[in-house]
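Look at the two complexes coming up: chain A is in both, with chain B in one and chain C in the other.
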Partner chain A sequence: MKTNFRTAVLTVLIGAGTVCSAVAQDATTILQKMDEVMYSQKDMTGKNKIILIDKAGKQEIREATIQQKGTDKRMFRFTAPASQAGIAFLSLPGDVMYMYLPAFGRERRIASSAKNQNFAGTDFSYEDMESVPFSQKYTPKLIKTETDAFVLELTPKVRSDFSKVTVSIHKEHFYPILMEYYDRGGNKVKEAKYTFKKIGNYWNPAEIEMTDLKKGHTTKMQMTDVKYDTGLSDDAFTVRALVQ
Partner chain B sequence: MNKFAEYVIKRRWLIVTAILLITIFFGYQITNLQINSDIITSLPDDDPAAKLFKEIGTEFGGNDMGMIVLETNDIFDAEVIDHIRIITDSVRFTQGVSSVTSLTNILDIKSSEWGIEIGKLVDEYDLPTTREELDSLKAYVLSKEMYKGAIVSDNATASAILFTLLPDADNQVVAKEIKTKVEKLDIPEKLYFGGLPMMMNEINNLIISDIVRLIPIIFIVLLVILWLSFRSFRNALLPLLTAGISVIWTLGIMSVTGYELTIITNIIPVVLLAVGSAYTIHVLNSVSHTLNHDKRQAVIKALGYVTIPVILAALTTAIGFISFVFGSYLLMIKDFGIFTAAGTLIALLLSLTFVPAFIFVFSNKNSNKNEVDNEEKKTFLTHRILLPLSRLLFKHPKYTLGAWILLLLIFIIGIFQLETSVNMADYFKRDNPTRVAEEMMQEKFGGSLPIFVVFKGDMQSPEVLQMMIKTENFLKDDPNVSVAQSVADLIEQMNDAMGEGRRIPDDKAKIEQLWFLLEGQEVMPQLVNDDLTKGVIQSKFASVDSKDIEAFTEKMNRFMAENNNANCQIELTGMPSVYVKLNSSLINSQYNSLLIAIIMVVLIVGAILQSFLKGIYAAIPVIATIVVLFGFMGVTGIPLDIATVLVASIALGIGIDYAIHVITGFNHYLTENGDAEKSIESVILSSGKAIVINVFSVSAGFLVLLFSQIVPLQNFGLLVAISMFGSGFGALTLLPIILILVNRKRKITANNHQHLNLKK
Partner chain C sequence: MKAKITVLLFSIFVAISGKISAQEENNIKLSGELLTDQRLLLRDNNDWAWNENRLTLKLDKQISSESKFYSEIWLRNIGLPNAVHSSSLYNKGIIDPYNLEIREAYLQINGFLNKKIDLTLGRQQIVWGTADKLNPTDNLNPYDLEDILDFGRKRGSDAINLQYYFNYDFSVQGVFIPFFQPANMPVGIFADLLNPSIAMPQGMVLNNFSDTLMMPKYNLGESSTVGLRFKGFAKGVDFSLSYVWGYDGLPYSSKNMLTPVNMNGETNIQSELSFMRNHIIGVDLATSIGGAGVWAEAAAFIPDQDMVMTTDLSALYPGSPEPVTQDSVLLKKNKPYIKFVIGGDYFFADGSYLNLQYLHGFVHERGSEGLNDYFFLRYEKTFFNEKLKITPIGGGFIVTDWGDINENYAIAYLPEISYKATPNAEITLSAAIFDGKGDHLFASLKDYNMLMLKMKYSF
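Showing the complex of A and B:
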């Protein structure tokens, strides 16, 4: 009886251990799959519409073209409104970023020592705009499985403004549906809602709606005219191309 | 009058029960009473400077600016900087905080040959640690005007962490939470907490602890004095009971009507305890003077004698309070006027209904004993002090009058020394940590009084931005302004970083594009509004001296008048502007409310006594008292501030009562026996006693305020006590002399007439 009991306990413990590690494995795999969905394309071009919505509901619309090669080369050029048309940002590997202001007719290298700052008045931080895989930045844990989504809790691997991020990932297609950011005080401060559409072989974030809950400010980024893997050349990502 | 008294006696049970029930109701309501120590909410909306200040404060989050200062030998030490980061974080993650700015998270625009960096002064995730890094940061910070004297003191021994609160946050709750949280961090460096939210939180704490500590003391002091005077427990307790009930009703009404306790209205209980007891004292005094074996007849007769003077006394006191409604600048002083007046009338009502009813309900059995007591008491105060006093007056009326005139002349000289003070830090005692913090912030960080220069126009136009720079330079020419910050500074720095020099570009397109890079920076909402039609220069003023502030405001007004145009409208607001208004309003409101009160009192007393002259006589001892009061303030250097500005009208309201009692008593006895000198003697013996008791009890009540932790309240208590002695003494010496002299003259003329008639 005694032996049986010990065996039973051991079995349960070992079983639980296996289940736990399976779950952990699962969380890592799920996050890696999400990274794959988001960052596997060779290159991408498209139009970006940025809608800024303030607390009072007032909207401001900006438009830009976007070109991206791999995960670390990106050209972002504003086309509207007129006062901002032509302003461009070029991101290159190794955190190198150049900016072009047409009114000054010259480029400047720009460094942002703090990536937690917002990008050009949006609710996206410079960090949000990068294409660094999530599995590089966060340790995932599966906290719940919903009918159509896995919910992971991500803990930052390096020091961050956030204590944790929870992300709901589509069960079948592995794109993110909702991300919720918590500050170090444990308050939810940011929320991103994703709408993905299939374009060719890839899932494309047709709209990302980012809300700064503290400011009550929302930014919607809508992608249109998206083309994947058109074979963009490296020449499109040079200072010369930036200045045109 | 007799009918009224009979009705009260007949319905005594109903009256006592109804009053107790109402008291229970209001007592329950008091539990909902809120405390608001925010002086800004008390600024009137009809004053443009105050209105603008409130608007700007809400729009740009600046008037709710708090400050934590960390002091040590050298700020540029790895550990110290880490502590600053920890405090910054702890404040940032507090509910209700809108923004935090400190050494570890402040915006920095760096330019070099290779480019531009818009980021933070230090990376909060990679703080400088080596001596070399720290020294270079120190040199950089002290070389930049944006930081030196703003977040790091000139000698690098102190660093400020500034925070603003969300407009809908409860300032005191947030301030309190921040203080508790930061203190819990147990940082070894010395910490100071300052700025308006912190000061208000501190005042709030002091108010609560004052109320809790002082009110029971006042109650006990009054009880002891009343017992010593009446030697009857009932007669000592009843005045306090009615005053206490009127306090409960008044605070209950405040709560029901949605008013809050402020640093001024919180003295309502003290004032009402002291003032409200007077009417009951007079009623009781009259009852025990009316010797009659039939209790019912005694009370009816006593009420008949005392009702008119008591109503007059309460009415004039209430007018003294109501005069604040017309004369004062701060809403909380108006509230004080309204509710103290209401409380006074409640106390009056109770003294004429509750008191006689109560006497009848509870003390039928020992009425005989009371009378014996009364006989004994007569000899004590009256025959030792008051009788000799009245004899003296008859012997040398002109000397006494001369002495008064000499005294007043001396005090009139003192009046010219009278000063005003509106500085919030002065409300705290010298050793109070909040005051110490304010003084250190004044010394090291250019003070904590926010100044805003508001610009209306297109914030992206070169013209407006250039005007902002010009204004900033003009501001900084003033010795009391050391820091100023605006969006124009940032545009200049950005332009410099683009390689075009430290100036505002002439081309609007350039400004728009530089602006684009600044968008979303945490500091922007503190500098410009959303639709870019309004911007502010945020600055601080270091001096709290009224003269400095006035000189500065005047200079700025001239500058703005010269530079205002259709494309760029400039306005100045901020605490200094409000202080200037407050300061001039102190004198104005003092003048206005006193004038209103004196005129009203003279008219009412004159009307009821059916003689304008008597109205003026009644005012004489009170006006003399006011001269003594201001003279005393001038000589001792007690300034006119938001609390002491109340004293003169209160002194007038209470002091006039003494004069009214003397005049009505004099009339009463004069019609009874026709001899002026005998009448004066009778008045001094009867009303004089009530006056002396009242002076002592009211003064003792107010003197308890000396133990208050808020300086203006201490002064307030002392000054009211002095005024009470002044007006009591005036009513018992100056007024009788005037009445004697006037009546002598009248007698002589009357005699002359008789002689003439005889001759005919």
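Showing the complex of A and C:
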């Protein structure tokens, strides 16, 4: 009897282990699928309309062009308002970032600590603007399955300003719907709402609404004129291109 | 030979025309800024220290996908009315001083002759170096020292600028500036800041000083400047090596003729001011270490010939059969001096920013003995999504003699608050507080502490 009991406990433990492993496997797979949806294109060009909305509802609009190749090359150039037109950012592999200020007349290397900061007065950080796959940055755990979405809890693999991020991922198309960012004290500090639209073979984040819950400030980033896989050359992601 | 040059010029003309007419686009962009910069002294009657109202017009025409024309013009009302006689009232230029300045006007062709070559032709700013505004290796454009508080500002040069890209990471740049343009000196209350004090021989008193500027002859050999720069990126480090053969834009006194006026020792000095040509070898780098931006830059200045100041005392010895002169070697041809800067910056998660720089040798300093040490610090923090920026700590500490710091130092404190009232309108309120002892530039500004208000509208 004692032997049977031991066998039963062992079976349950093995079973539980298998279930846990399956869940972990699922979370990893789900996150990888989300990365595929977000980053599978070879390159992308588009226009970006950035709407800053303060607590009182007052809006400010900025416009930019964006070019991206793979997951680690990106050129972002402001076209409006006049005070910012011409300011450009180039991100390259290995945390190498340059900024071009027309008034400065040359490129300037940006300290990688800039990644902690908000990008050009928006509620997005430089890190949010990167295209590094989430599965590279976070360890996922499936915490809930809703009617339309999987909810994952992501724990940063390296030191971060956030203790965790929860992400709701569309069950059928695997794009993110909502991301919630928690500080080290466990308080929700930021949330991003995504609206995806299909362009050709790819799902495109037509609008990302990022809200800083502490400040009550929101930034909407809307993408238009998006083109995928146009064969962008590496020439477009050089300091030479940045300063021209 | 003449035929070869004609063929070469014709080929260049054809190449330029081809690039420009390839895909003519009608893409003209006019933008600019309206700036008012008002400063008043923090003493006595709060005299006005600076009045500048500037309209900047920028015209950017994309001629084709590979070429563009860019120009930047300043139309300014600068200075205060300087009416002394009634006749001045008939002269608008005196009552309401203004000027027009072409800062830049150039044609840029990318992929000129070869897809790896970029050509920029015309008046342009060519900025070298990796440090923040204080760049010892940046010696092509003449200094614009008009506003001494905006140090690092330069004027455009009429230049031919070719850049060849070996690949994405390495390039070489060649610059030719056909004629020399000297630096323009400070104006208004800063006008005398860079004038050296004149030490008169014992028993003499200066009665009158006059000078003659000995400009280099305007021909290709004597007035041109040449620059060459190799730039690269390896192992996460941006670096460059550079060479410039050109003139120091600030003149030195090459000859002083002393003439006695009376028996009381009053003496006139007639001075000849010349420009020294230097070979300048530069090196700079920039990288990111542990999240912090780090940069370093150094330039060795090698005078093309000995810099000699001759004092002619012949007028004091009328009976002498020979001219009575005395030579002082200010800089030796074979003795280079090195200016350098080391700096870093860091962005904090709370939106604040720290920038530190140590500079050895300011813009106007020359010779190993004449270089001073400058420590600059700026801490700023932004609020309300970068609408408000406060710089509570900004400025520098300067040591002119480490052996006697108490008597030879200067402090410049430059706090600032700027607010973006609209996306295109910015108001900046700042102060400039100076203190120090000794004869340093910044120490001599201690009577000019001022409050500054700038308003800028971009369109």
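Note that the second predicted complex is superposed on the first by the 229 of 244 C-alpha atoms of A that agree within 3 Å, B and C clash if a C-alpha of one lies under 4 Å from a C-alpha of the other, contacts with A are read in each partner's own complex, and residues count from 1 in each chain.
Keep this in mind: a contact is a pair of C-beta atoms (placed from the backbone, for glycine too) under 8 Å apart; a residue touches a chain by one contact, two chains touch by 3 or more.
These numbers come from a predicted model, not from an experiment.
Look at A:F119: by the touch rule set out above, it reaches chain B but stays clear of chain C. Looking at the shared chain after the overlay, A:D234 reaches chain C, while chain B stays out of its contact range. Of the two partner chains placed around the shared chain by superposition, chain C is the only one that A:A85 touches, whereas chain B remains out of contact.
Shared-chain residue A:Q244: touches chain C; no touch with chain B. In the superposed model, A:G57 makes contact with neither chain B nor chain C.
Shared-chain residue A:G94: touches chain C; no touch with chain B.
Put simply, chain A uses residues 54, 83-84, 104, 106, 109-114, 117-118, 120-122 to touch chain B in one complex and chain C in the other. Looking at the complex, you find that chain A touches chain C at residues 52, 54, 60-62, 81-85, 94-96, 104-106, 109-114, 116-118, 120-123, 161, 215, 217, 234-235, 238-240, 244.
Contact residues on chain B toward chain A in their complex (touch as defined above): 89, 92-95, 114-120, 123-125, 497-500, 507, 509-510, 512-514, 516-517, 519-521, 530. Only residues 54, 58, 83-84, 87, 98-99, 101-104, 106, 108-114, 117-122, 158-159, 183-185, 187 of chain A touch chain B when the two sit together in their complex.
Across the complex, chain A is touched by residues 31, 108, 110, 118, 125, 127-128, 130, 163, 165, 168, 171, 233, 236, 238, 286-288, 291-293, 295, 344-349, 351, 382, 384-387, 420, 423-424, 426, 458-459 of chain C.
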